[in-house]
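In the two assemblies presented below, chain A is common to both, partnered first by chain B and then by chain C.
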Partner chain A sequence: MICRRTTSHQPLLSRAIMAAAMAAVLAGCAGCAGRADSGRWVRRALETNRLADRALAERDTATAVGLLRDLARDQAPAAVSARDGRLVRQDACFRLALLQLQQDRPDQALGWAEYGLELGRGQDLFTANLLVARGHANQALGHDKPAARDYHQALLINEDLMNQALGRPD
Partner chain B sequence: MNEREPDERERREAEALARALEGDGTAEDIPQDTLQAAALLRRTAGEGDLPADRRRAILEQIAPEPADRPARRGRLRWLVPAGTAVVLALVVAVWGFGQLTSRKVAPAPEPVRLPSPALELLASQARAASGSSRDLAFLGESMRSYRRTLYDALAERYPERS
Partner chain C sequence: MTVTIRLGFLSLSMAVLSTGCAAPQAAHVPTEVPPEAGPRREAARLQAAQREAETRLDELQADTAPDCPRACEIKEVICDLARRICAIADRHQGDPELHERCQDATRRCQRASQKVDTRCDCDPPGSPLP
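Up next is the complex of A and B:
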């Protein structure tokens, strides 16, 4: 009796052990896959920009917006540094904001500039570009003060970059 | 069949056996081997069977191992695959845990060294920050060459593995 009761638990226990083992294997594979994906992610981002350029050359703005929107929302793999992932996505956001401004959609442009700036900020060209784009969107929406603030912040970064390019101390 | 008639001695022994089977084992004229045969026959016929609890007690006393063996064999049968599964799970878990912790312990990936923006690009950015739409469009165009340089650096930093 005792023996039979013990054996009835065996398949359950064995299945639980095997499930834990499978989970560990999957976790390990996910880690390896993340590292391998970084190069593919960069190549895909470059290809997306090329395809968007081609679509714009053919005056197919909708396709270009769709491509860039996917890139802006696509999180970089863990093996890509957070800063590099941010730059790629912020550049896509900047391009989207410009396209929306050209389409007279300043509210959409403001949305993309905000989205890009929420990804992070740095003393770099991409943060300054987004501040410039947000300034234009605010200006088009009649928000003069926020627009001026955005332009000013962009110019501070621009001055810093200019000093570096000219080899002058900060 | 050509059976002969039993003689006097055989007839006497048969009668004695019949008496012994009926339980009358006291008669002096019954031979010893006849009494033993009668006792054996009575035992196999069911008389003299041991009570069930007594029989179990004797069985446990004289043969504990055979009674216990199936249970032990059952346990052993379970231990082999379960033990293998545990060893496998431990190996895989240790490997998986190592993968996860190495990612935690490993330093964050170094960002790429950004290519320096050209002075013309910075100048167009400064002009776009004045609020002119035309300058903003020009900034967008000026970014093309810088974008190419940036992606070259990124491709070098993150090579694609086949």
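Up next is the complex of A and C:
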């Protein structure tokens, strides 16, 4: 998982929190589904993220993009819950959007953020991060008002997440 | 989550009592008992149970140790987003939608800071305050 990699001070949750969240999602997939195809899908998702991390460490962005693109487009088997499948694919979309922003391709970044958000929305950090990524892309394209809207929606989700972290639902 | 589901169930029970059950039962109650007394009593009992459950939920939440590293980080994210929104609003002076978003975001940043700072030490380790 990657965060805070495009500019010095982006409003995104850290890699550690994202990685923990994704690990929890994948652990949940593996524990609940109990079918061979879901197990394979979970293992492949984990392996793809690991390989993408390694490719990025070696500055091989093209390989990382290829891997993450396949994961983002890979529909989860029926045994995996719709939510878990969405989160895994949204995380891949988010990573792709950030990579495109890093490479000064805001139009591509916008495309991946939109694609991720079209998979569904929730009050979770995956949706929030996709909104932030879309906000960055919109801002880079000169679409200030949609960018502000995206940032604001992401802020509201983060407010909920903060209350959960504090143990208060208000 | 369990408590939330229970509260939902209680609310649903009360809704059923206050709508569907009242009319049919009124025809069968003894004449000395006011109509709908049974459902009302039951609704009152359920309301008391709900209040008790809410109190317990508050106690549980107060007892729960906050996840301070996460809360501190999210607070920063909220305030970063607020700054970004306001930077955009500054570039579009006179736009009421952006102005309102900036004001709302700033308020939420302040509230987030207050909430987190009362329970966590965010500078620098992100641990709960004693």
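By our rule, the second predicted complex is superposed on the first by the 135 of 170 C-alpha atoms of A that agree within 3 Å, B and C clash if a C-alpha of one lies under 4 Å from a C-alpha of the other, contacts with A are read in each partner's own complex, and residues count from 1 in each chain.
By definition in this document, contacts are C-beta pairs under 8 Å (C-beta built on N, C-alpha and C of every residue); 3 or more make two chains touch, one makes a residue touch a chain.
Please read these numbers as outputs of a predicted model, since none were measured by experiment.
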item: Which superposed partner A:145 touches (first chain B, second chain C, both, neither); value: second
item: Which superposed partner A:102 touches (first chain B, second chain C, both, neither); value: first
item: Touching partner for A:40 - first (chain B), second (chain C), both, neither; value: first
item: Residues of chain A touched, compared between chain B and chain C (which is higher); value: B
item: First (chain B), second (chain C), both or neither touched by A:78; value: first
item: First (chain B), second (chain C), both or neither touched by A:162; value: both
item: Contact residues of chain A, present in both the chain B and the chain C interface; value: 10, 13-14, 17, 132, 135, 139, 147, 151, 154-155, 158, 161-162, 165-166
item: Interfacial residue positions of chain A with respect to chain C in the complex; value: 9-14, 17, 132, 135, 139, 144-145, 147-149, 151-152, 154-156, 158-159, 161-163, 165-169
item: Chain A-facing residues of chain C, complex; value: 61-62, 64-68, 70-71, 73-78, 80-82, 84-85, 88-89, 91-92, 95, 97-98, 101, 104-105, 108, 112, 115-116, 119-120
item: Complex contacts: residues of chain A adjacent to chain B; value: 2-4, 6-7, 10, 13-14, 17-18, 20-21, 23-25, 27-28, 31-32, 34, 36, 38-43, 45-46, 49, 53, 78-84, 87-88, 91, 94-95, 98, 101-102, 124-125, 128-129, 131-133, 135-136, 139, 147, 151, 154-155, 158, 161-162, 164-166
item: Footprint of chain A on chain B - complex, ascending; value: 70-71, 74-75, 78, 81-82, 85-86, 88-89, 92-93, 95-97, 99-100, 102-103, 108-112, 114, 116-119, 121-122, 125-126, 128-131, 133, 136-137, 139-140, 143-144, 146-147, 150-151, 154-155, 157-161
